[in-house]
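Once you scroll down, you'll see the structures, which are given as structure tokens.
Across the two complexes that follow, subunit A remains constant while its partner is subunit B and subsequently subunit C.
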Partner chain A sequence: MKKKIPIWLGTVALMVFLAMIPFFASDYWITLLVLIFIFAVYASGWNLFSGLTGYTNFGLAWFIGVSGYVSSLLIADYNLPWVFAWPVGAVFISIVSIGVGYILLRIRGVYFAISMVALAEGTRELFGTEYLSPITHGGKGVPFVAGIQLSTLYWAILFIAFISLLVCYKIASSKFGLRLVAIREDEQAAETLGIHATRDKILAFILSAFFVGLAGAIHFTYQNYIDPSFAFSIHLTLTPIVMALFGGVGTVFGPFIGATLFTLIHEVLWAELTILYMAIFGGILMALILFFPQGLLGWMKEKGILPRIRKI
Partner chain B sequence: MASFIEILIRGLMLGSVYALVGMGLTLVWGVVGIVNIAHGEFVMLGAYFAFWAFSLIHFNPFLSILISIPVFFFAGMLIHRRITERLIKEHELSALILTFGMSILIWNLAQFFWTNTYRSVPYLTGNFPILGLVFAKSKTVSFGLAVGITAALFFFLKYSKWGKAIRATSQNSEVALVCGINTMKMRMLTFGMGIALAGAAGAIVSLQWVIFPQMGGSYVSKAFAIVVLGGLGNIQGALAGGLIIGILEAVVTQYLSAKVAQIIPSVTILVILLLRPTGLFKK
Partner chain C sequence: MTREPILKIVDVVKKFGEVMAVDHCSIDFERGSITGLIGPNGAGKTTLFNLITGVLQPDSGNIFFKGGDITGKRPYEIARRGVGRTYQLIRIFPKMTLLENLIVVGKGKGEKAVERAMDLLRLIKLIGKKEEYASDLSFGQQKLLSLAQVLMLDAELILLDEPAAGINPTLQNELMDLIHQLNRDGKTFIIVEHDMNVIMGHCQNAVALNYGQKIAEGPCSEIQKNELLLEHYFGR
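This part shows the complex of A and B:
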């Protein structure tokens, strides 16, 4: 028990420091931190489901895009304040995910990954068609202003990132997390041991959808713009996966480390090499799979630098 | 208003090209066990190969296929030998993420070097009428080429010694190894063939539609729909699946809109995986 107090103190001190940042830092740094936290929630949300259950979600952009569209349209067309629009978007995608998860999570392995890509791509095309344009404004996109201060946005995403980290931490050290890992290792064996695999998978899927959706809603409010090809872009699926892979799939803090590092890399490379930047990302993804599949934290656990516990 | 027969024929011609792409994907997936998301990018590279050969040295696009097939074949073998063979024993999702990275790498490099300009190969333009129906010349010749390549692939797999060895590797890699088949070589060969099929399809595509760096995405989604329709590793199924997707696309484009036709592959994948995950045709 003695050891725990400094960790909690450290966490509180870090949170207070991060919360104070808008009072002294410039807008540039706040913007950068906002992006870091958004992508940290994406990456840890992806990891929460895919890292623990082993079902690779290649349609993360679907969570982001649907929730982003719902909240953006509520703000743009119905003048709903962002405080309500964001949770509505996230709750909407969570509810839709119950149905989608129930249907799609019986498909395993590569087929699940492909069906998620198909879902994201199909929804993107659907949102761009002329038949849905009375609701979605078609392919030309929706510019809107939510009337939110940058510092307020920063505090909101900071709070959500903190909650999602806390949830991941709690899940990793819970029996629920252990059941998810059992599903990843051998789903049939897990079921014979009495684990209700479908229920646990769907629950993890919904949790992932909720946090990623919430961050997605904030992402588009921050951009003040949404359109189908941006909201469902492959980039929004790829980047969080690279971040989670780099930090360590199935770890709690790995996705946050990956998100911080890659957002900074993005910031440096984007201005210099706008087009090559994506190519470099693809190359990094290949190299990670070939040479560094366990990720940074996985590697540190293997080498004994970090204790081999699920809480980290 | 085009007659229904004309739409059907248009669909068949489209489908013959899609089938080439789908057969390459299903062959590699079934025999090598690698799901190549970058497959569409090789279609794109094949199209650019034909485009540059035509626009730089005015090389006949139909003849340039004869060169691009061996080039893509060897490139594919090299990629498999150096990169994907390492992942054979890993979880199949590793290969999925790796080829996803490869796909991003290739199309962004293409965008970097060749820019986003829409390009096309202006060869054999114009139409000719048969029995009151009007056909585009380039599409008709392309259709013939696609059929020829498909037939050659069938004969190779069915009757040649290597084709037999490839089918044996696909059915049971370990038993094939015990029977004295060099399964590693067969996997390399198959990967090369898959890439060569994609490259050939790309060359044919370049004659009919515009080419640009991101075009691979739409072909790979169609290819996945075809594989799912035909059943994994089933070449005949992929041929039928390709024709089905082509006809569906032509019909939907005609009666609804081209935008809606873009949704067909996604819907097909989802519906087939849920209702009949082994594909329409049982092996």
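This part shows the complex of A and C:
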């Protein structure tokens, strides 16, 4: 008899506990958790599109950088409160993603992946040029202060992480989510069975852009600084992907678990083994890919520790 | 009510480079019929299926389904109008359960879709495996599942690409019985098959292709008499 895991009871209890953190934890732990949540939303947003459809997005930094810039410039140059600037950034990148998705999602496989890298790199170059510097401040970047307390920022990103988890859960249990998986399994067969693949792919792409963009806006507000090389850094694309791989691509909770474990391991290694940490980290990643390609949750499902249902 | 053919292929041409895969083909398929599509490998049968279902676009010519022009339409549009097909190499969704494989196809959502999917799983006698992954099924069971997907679509015209290939005679009979049952319910079938016993035993009409051209067409009884003609083209 399968043991039913009270998923939502556990998640809500965890959320309540996490919401209390600013009342008793040090700033070190609060900032660590802020980064975990930001990257958890990045990983989850990436997984929502790439994990379900199989179209590997290697240009996640494009969502992060564009939304981050729109939001940061609105705060820095137009004194828009962060509570408005963040959603404006996210909505902006979502709208632009409609057009980009319509064009690029006709390309499959590795060519799609490369075109997204090109988009991120090209936008980074563009934002650093003299031509756009009256708007973007060019290569020197934008230091700014949003007038937000650390605890408020913490609660904001915690809330968004929770909403992101809820949305992923809903999609995974829905017919839309099933259609995305069908597209990943066999796009042509899906089309000949009446599935409007282009529309569904673009919708998933936009949702991914929105959440990743929102987390990106918060990320740069937290950093009090944005510049093109930071905003569109390949690190912002690759780290969430590795986190999703770690936790389990295509699962709902995997990216969150992956982001948490990855960040904690990274912190421990950096603190204890400063010189060697990248080498050891690389070793851990290689072991992961070789022995646990399906990630932690995927492995647990395979072993029967967790049920094989799509919702987790 | 006019007895218009459910599917009209009018002077369709499809070239791949210099190769004429379909060479000025014109074929009518009557509503409620079971038609066999025969010919050697490379004759253009699967290409014709791909043209009908919108996977490929004809270079010239038109295809009409229920009187409407479906030439150049996207596969999902054609499927939603009522044309379903199965593939020579089975293409179900392996990492989805049997129930999910059907629910994802159906129109509408919620309880109704689940009920319909369950009914179809009972029809193909796989209800007991509804929560298993499709990749865990046997080859023959996967064939039945892909047919069930087409039925979930509520397709009026069903294109089957070598449905009898690679399955044991018992399962073959079960499959053909199911096709006849669905035909009595009003569904039209076009079946690509190399097994002449299946064609002659179960189809009313047959169309023979070779090198992309239609070389013979008519009731199976007549095609059978033309065996000498077929031997000349196909050899034995």
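By definition in this document, the second predicted complex is superposed on the first by the 280 of 312 C-alpha atoms of A that agree within 3 Å, B and C clash if a C-alpha of one lies under 4 Å from a C-alpha of the other, contacts with A are read in each partner's own complex, and residues count from 1 in each chain.
By definition in this document, a contact is a pair of C-beta atoms (placed from the backbone, for glycine too) under 8 Å apart; a residue touches a chain by one contact, two chains touch by 3 or more.
Model, not experiment: these values are computed from the prediction.
Novice: Figure out whether A:121 sits in contact with subunit B (first) or subunit C (second), or with both, or with neither.
Specialist: It touches subunit B, and subunit C stays clear.
Novice: Look at A:143 in the shared chain and tell me whether it touches subunit B only, subunit C only, both, or neither; answer first, second, both or neither.
Specialist: neither
Novice: Touch check for A:81: first (subunit B), second (subunit C), both, or neither?
Specialist: neither
Novice: Just subunit B (first), just subunit C (second), both, or neither: which does A:191 touch?
Specialist: Only subunit C is touched by A:191; subunit B is not.
Novice: With the two structures laid over each other on chain A, which partner does A:178 touch: subunit B (first), subunit C (second), both, or neither?
Specialist: The second partner, subunit C, only.
Novice: Mind working out whether A:290 is in touch with subunit B, subunit C, both or neither, as first, second, both or neither?
Specialist: first
Novice: After superposition on the shared chain, which partner residues are touched by A:131: those of subunit B (first), subunit C (second), both, or neither?
Specialist: first
Novice: Tell me which partner A:99 touches in the superposition: subunit B (first), subunit C (second), both or neither.
Specialist: In the superposition, A:99 contacts neither subunit B nor subunit C.
Novice: Per the overlay, which chain contacts more subunit A residues, subunit B or subunit C?
Specialist: Of the two chains, more subunit A residues are contacted by B.
Novice: Taking the contacts subunit A makes with subunit B in one complex and with subunit C in the other, which residues are shared?
Specialist: none
Novice: Taking the complex as given, what residues does subunit B use to touch subunit A?
Specialist: Those in contact with subunit A are residues 35, 83, 86-87, 90, 92-94, 96-98, 100-106, 108-109, 111-112, 217, 221, 224, 228, 257, 259-260, 262-263, 265-267, 269-270, 273-274, 277.
Novice: Touching residues of subunit C toward subunit A in the complex: what are they?
Specialist: 53-55, 74-76, 78-80, 84-85, 87, 91-96, 100, 103-105, 107, 109, 113, 133, 149-150, 153
Novice: Mind listing the subunit A positions that touch subunit B in their complex?
Specialist: Contacts found on subunit A: 54, 56, 58, 103-104, 107, 109-111, 113-115, 117-119, 121-122, 125-126, 128-131, 234, 238, 241, 245, 275-276, 278-279, 281-286, 288-290, 293.
Novice: Contact residues on subunit A for subunit C in the complex?
Specialist: For subunit A paired with subunit C, touching residues are 175, 178-179, 181-182, 185-186, 188-197, 308, 310.
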